[in-house]
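Two complexes follow with subunit A in common, the first pairing it with subunit B and the second with subunit C.
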Partner chain A sequence: MKTLTRTNIHIQKTVFLLLAVLPPFAAYVLFTLYPNVLSIYYSFLDWNGIGEKKYIGLDNYIRLFQDPVVLNALKHNLILVATVIPITLIISLVLADLLVNRQYKENKFYKVLFFFPNVLSLVVIALIWSFIYDGTFGLLNSVLRVLGIGGDHNWLGSPKTALASTIPLYVWCYVGFYVVIFMNAMSAIPKTIYESATLDGITSFQRFTKITLPLMSGIIRVGMIFLMLNVIKGFEYMFIMTKGGPGGATEVISLYMFNLAFGTESLSQHFYGYASTIGMLIFVLLVLLKVVIDKVFSKDSVEF
Partner chain B sequence: MKSKVKKSSLLVFSALTVLLAACSGNNGNNPATESANPTNGNTPAAEAPAVYDNGLPKDEKVTLKVGFLEAGYGREWFDHATALFTERYPNVTFDITASPKIPDLITTKAAAGDDKDMFDILYGLAYTEFVDANKLEPLTDIFQMKPSDGGGKTLDELIVPGYNVPEQYYKGENWLFPIANYIGGMFYDQKLFEDNGWNKSPKTYDEFLALCEAIMSKGIDPIVYSGLYNYSIFSFDTKVFELAIDNGNKEFRNHYENYSGPEFTSAESVEVYNRLYDMGQKGYISKQSVGMNHTQSQMLALQGKAAMVPSGDWIENEMKESAPEDFEWGYMAVPFSNNPETPIHINNGLSYAFQIWANKPDLTKQWAKQFLVSLLTNEVQQILVDKGGAFPLRSDFMDDSARAANMKPLQKSIATYMSENNVVLELKSRKVVLNSPDFVAANKHVQDNTALILTGQKEPLPILEEGERLLQKAVQEAGK
Partner chain C sequence: MTRRMGSLVWRIILLLWALSVILPIIWIVYQSFKTNQQFFADIWSLPSTFQWSNYSKAWTNLGVGQSMLNTVYYVGLSLFISLTLAVVNAYAFTKMEWKLRNIVWSLIMLSLFLPGINILVPQYTLMRALDLTNSLNGLVLLASLPLGAFELLLLGSFMRSLPKELEESAFIDGATIFQVVRKIIVPLAMPGLVTIGIFKFVALYNDFLGPFILLSDPDKYTVSVNMYAANAMMEYKSDWVTLLAGLVITVIPTIIVYMLFQRKIIEGATLGGVKG
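So, the complex of A and B:
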């Protein structure tokens, strides 16, 4: 058999690497980078997506900082980030710990149960929760009526409760996914660490906080970043359930951007240029939050 | 400021005449039956000319791509209409994409800029952006074409007035082909009203309030509506015109058409919103309306949990799967004047229209126009009335007693209401189009808060003032 020379091996490696990397890189450039770069260009235009493009310099950016809807929407996004992320992570970690360490007979069933929302379409989820919150026939009001504590509140129709009502929906959707991720991460922690700690008399709570959490800090930080991305970029639930209302109480920045770009039922005018400017704002916001998360939560990797 | 547009306000009295005919049956005129199409293929093949009577070739196959909005009128009527057309012109077939979200699909296709991929015939009521970008085919000439059953009359002579008015053309042309117009107002359960002896036709605002009070005393919500989609417009959007008459404000319509006066903060607009706010505070408009879509609100009317629901005449067709067999919708408009002499302004307008994409082969566009004209034959109008529950746009539709007799119960209820009351069909037309983020922001601000105002949760004036501030910015910007 012919022995491969060093050069041949090097060429083969290079070709393999190129074949492996180039197609996804090309797809990334074509479908992600190029549209994003175009968005930067669009953000300086007065353009409805159909007609003539008109360069207007920084006008869209000036408008952006004067637009009260943007400020209102960002406030709601930040409320969601500040609530959905910690609640989701805490519930996911606790559930994952229970399923990994308690070894319930029904573990597999619970895993499927928690993951279930992830296989449902967004529309179905939104409709389910719309019915839960329905002011007349809703499940939540029915339960409250049975308990004798009200039961006639219009949860999504009141500016006081509309935004808060969407938080359980987000948490319900995301928890299952992170339970599975965290369960796998916990399973990878060597049992010997727990065993020696147990011999030292550690309690279950200490085991969770002193061993499990620190050893999972990397995956938790990644989970936090993905949750942040989802919460800020997502608007589907608001689009279906509330349209950003009532009175702008559930307006989020991506929904506003979408409506400006594609119009609404009652106003079919389009502002691709200004919507792209809002897209730029979202991009900057996401980068900033990512930097904050990286700063606050250590990147130290743990080996075991 | 871009001058122009659309149908200005107009009293479509001939539509009323049409509807009156529905109640009174045949008026003695001969039905305008559609003549057998001379080019329907009955001629022996050997003698058949290579072209139809309309001058289009028989041997060139054409497929018309249609972007069809599947909404309240359904699509059954359209499938019938295309089948009829293909039967008459076998070389013409249809490729239909039907969706409740077709406007989004059309916008996306337009933005992609691939004319080949775009529909030939597309649903649409808004058109200025497409026209400005030279994307639409002018349809002015269609109105001079003669439907096969029109007795030699042009389409312009056969449709109800208001939909082809040269003074209202945008950039000198008509860009919309009207398919159906709607009548907006309050819809209710006839039996519920009869059982309770409630007033089905209040003549004044005070009578309407008394009706709401009577309903509420029975533990039923007088009004529920879709706050999510702001369906309140179907009942209340035209009330400013009634108050303008009461106030003797002769400049109101001129200001309305040209954005030359205050819009949201006009005395009439403030009064309308104040009254609605009061109605909300008294509990006449259910707070549950705020987060509801139209199906949810209409279901409450079907179930007797609410007495009246604002919507359009498509409601009967839209809810036919959910309504009990003996359920019968009734209709009324809301009077906002206490002077019985002031006509009740009924919200009226185009509910369905088609456009033709400009950058398409000439033959395709010619067939598209032929097809659109066929939609306004009384044969197809009959299908639209039967299957879609729409009002006919042909003014001679009711000349046939059989067609009048076949009107659906709700259509008859509307006709009865209109015959018994002093009404105006109000198209709310504008002569000026505003197109700027400030204009959208102004309307968004008011619309977003409308449900809270109507349910008595938010005072109207601050909302209207902020809306006015944004609107005037848009007006000034347009004037530069």
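So, the complex of A and C:
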């Protein structure tokens, strides 16, 4: 009898695992892991997605290093990383400090409001900002007209301002998230540290730069990595608002990859092979950047 | 006195950021009630009469209504399947002993380190080879079936904290594993499930790239793809107020869900942030 129940339980367990774990794990292997392997294979092909796959060795990689569009796109990524990340981090840190350390009665409401852009869809955000920047009926131009300074500039349509115009959009999207993250970290700093510093006659600015920031260096580093991943991976705003234009002014590396694969209706302009090669470049870039950030900042982190 | 002034400056900074978040949205709502003539003539002018017809036009002519139905189907079914799978798998990985458990677990956690951007192309060719493109069910399958590391981590840590005695006594009473999961684990895991559910709802409702790549038939568009297509269409017929009305309609579900569950959403998003 006893052995019978044991086999019974064993069968039950096997059935449960086969039903519950096997299908979603198989799907994970098929739709997540396997495509990562496939993308390596594709990067050595000349393939438009429909016709014959032609193995061309390292040709795509050679093309990659000679492609002026790649260089231009990477330059734009670099500009975005160098602006969006510090601006987002500084604004988020200041706002988080104000929300945590000053007891204004509106603070609770602000936390919820600041986070709101995070629940909006990319498309909604992109369309809202297209309207803000529009050359004729845009909000920005209308405000400028009221103030009497200009007001007829097509912000996203001009090569000079198109890329710079996307920076406030990124900052607007990301700040709320980091405010919440930094607020959590700041709340975890023991109050006694602040109290003894206040007794020593420290100003609130010194408190922020000398105590809060050093204690938060770990989470700031994590924030930098997340932001960097997002800024380098993201291309949806450019895709929706400018399609990388005008004249390549807002081309970024992942948008270039996307357009090569899915950009046009005509098959002759689909480059699945070369797009995958660029995908590999982005993959390597992201992993390298993460390693570098970890190396550079790991010494600074402070325990308390 | 200077202290008071300083405090005022900080409060104004907070207020300015708050306004920057809310003003563009109010502005969209405000414009969506005008006629196109009013909109082009002077964007500051008050709508003379509320053009509710913009909204009915957006619902039918811009395809917002159809896309909303598609989205309800896509999001609803995906949520149901993925949450069910999340519960049973979190249980299998934290409460059950089996041979390959640790290897399978680490393979799933591997996805946390993969940037994912390089798989857009192969994932599409794979879906096409399986004849799952241009189908809402294909979209549901891709969104819900593959095991997600985030759900497993969150629900798993929750389940580890549940006392073993609860299930053990149920097993002694002759309950099957399925019964234990359904009758004991699911009710106990509810708070974690709600957090994941709301977080997933927002992610699925907003999802753009997946549906954009996989759907080609406008009848099947989800709200995000539909608004993208509607905006692209405006180059040929500049009916901006209707587009803005459509935009407002697509934001309404987001605002309602956010108002109801903001605490859970913020909690889930910061936990999900681990994934980057």
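In the analysis below, the second predicted complex is superposed on the first by the 263 of 304 C-alpha atoms of A that agree within 3 Å, B and C clash if a C-alpha of one lies under 4 Å from a C-alpha of the other, contacts with A are read in each partner's own complex, and residues count from 1 in each chain.
The rule is simple: contacts are C-beta pairs under 8 Å (C-beta built on N, C-alpha and C of every residue); 3 or more make two chains touch, one makes a residue touch a chain.
Keep in mind that what you see is a predicted model, and the values were worked out from it rather than measured.
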Open item on the list: With the two structures overlaid on subunit A, would subunit B and subunit C clash, or do they fit side by side?
Closed with: clash
Open item on the list: On the A-aligned overlay, A:176 touches which partner chain: subunit B = first, subunit C = second, or both, or neither?
Closed with: second
Open item on the list: I'd like to know which partner A:242 touches here: subunit B for first, subunit C for second, both or neither.
Closed with: first
Open item on the list: Quick check for you: in the superposed arrangement, does A:162 touch first (subunit B), second (subunit C), both or neither?
Closed with: first
Open item on the list: Per the contact definition in the header, classify A:49: touching subunit B only (first), subunit C only (second), both, or neither.
Closed with: both
Open item on the list: Contacts for A:154 in the overlay, against subunit B (first) and subunit C (second): which applies, first, second, both or neither?
Closed with: first
Open item on the list: Touch test for A:262: subunit B only (first), subunit C only (second), both, or neither?
Closed with: both
Open item on the list: Quick check for you: in the superposed arrangement, does A:272 touch first (subunit B), second (subunit C), both or neither?
Closed with: both
TODO: Check the residue A:104 against both partner chains and state whether it touches subunit B (first), subunit C (second), both, or neither.
DONE: second
- [ ] May I ask you to name which of subunit B and subunit C touches more residues of subunit A?
- [x] C
- [ ] Give the one stretch of subunit B, out of 38-46, 74-82, 110-118 or 182-190, that collides with subunit C after superposing.
- [x] 110-118
TODO: Would you please give the residues of subunit A that touch subunit B in one complex and also touch subunit C in the other complex?
DONE: 49, 136, 262, 272
Task: Parts of subunit A lying in touch with subunit B, wherever the complex brings them together - done: 48-52, 63, 67, 69, 133-136, 154-159, 162, 241-248, 251, 260, 262-272, 274
Task: subunit C residues touching subunit A - in the complex, by the definition given at the top - done: 7, 10-11, 13-15, 17-18, 20-22, 24-25, 27-28, 31, 39-40, 43-44, 85, 88-89, 91-93, 96, 98, 104, 107-108, 110-111, 114-126, 141-142, 145-147, 176-178, 202, 205-209, 213, 223-225, 227-228, 231, 240, 243-244, 247, 250-251, 254, 257-258, 262, 265-266, 269-270, 273, 276
Open item on the list: Please output the residues of subunit A touching subunit C within their complex, sorted ascending.
Closed with: 12-13, 16-17, 20-21, 23-25, 27-36, 38-39, 42, 49, 91, 94-95, 98-99, 102, 104, 106-107, 110-124, 127-132, 136-137, 139, 142, 146, 172, 175-177, 180-181, 184, 225-226, 229-230, 233, 236, 240, 254, 257-258, 261-262, 272, 275-276, 279-280, 282-283, 286-287
Task: Parts of subunit B lying in touch with subunit A, wherever the complex brings them together - done: 103-104, 107-108, 110-111, 125-126, 129-130, 132-133, 135, 227-230, 287-292, 296, 300, 305, 435, 437, 439-441, 443-444, 447-449, 451-452, 457-458
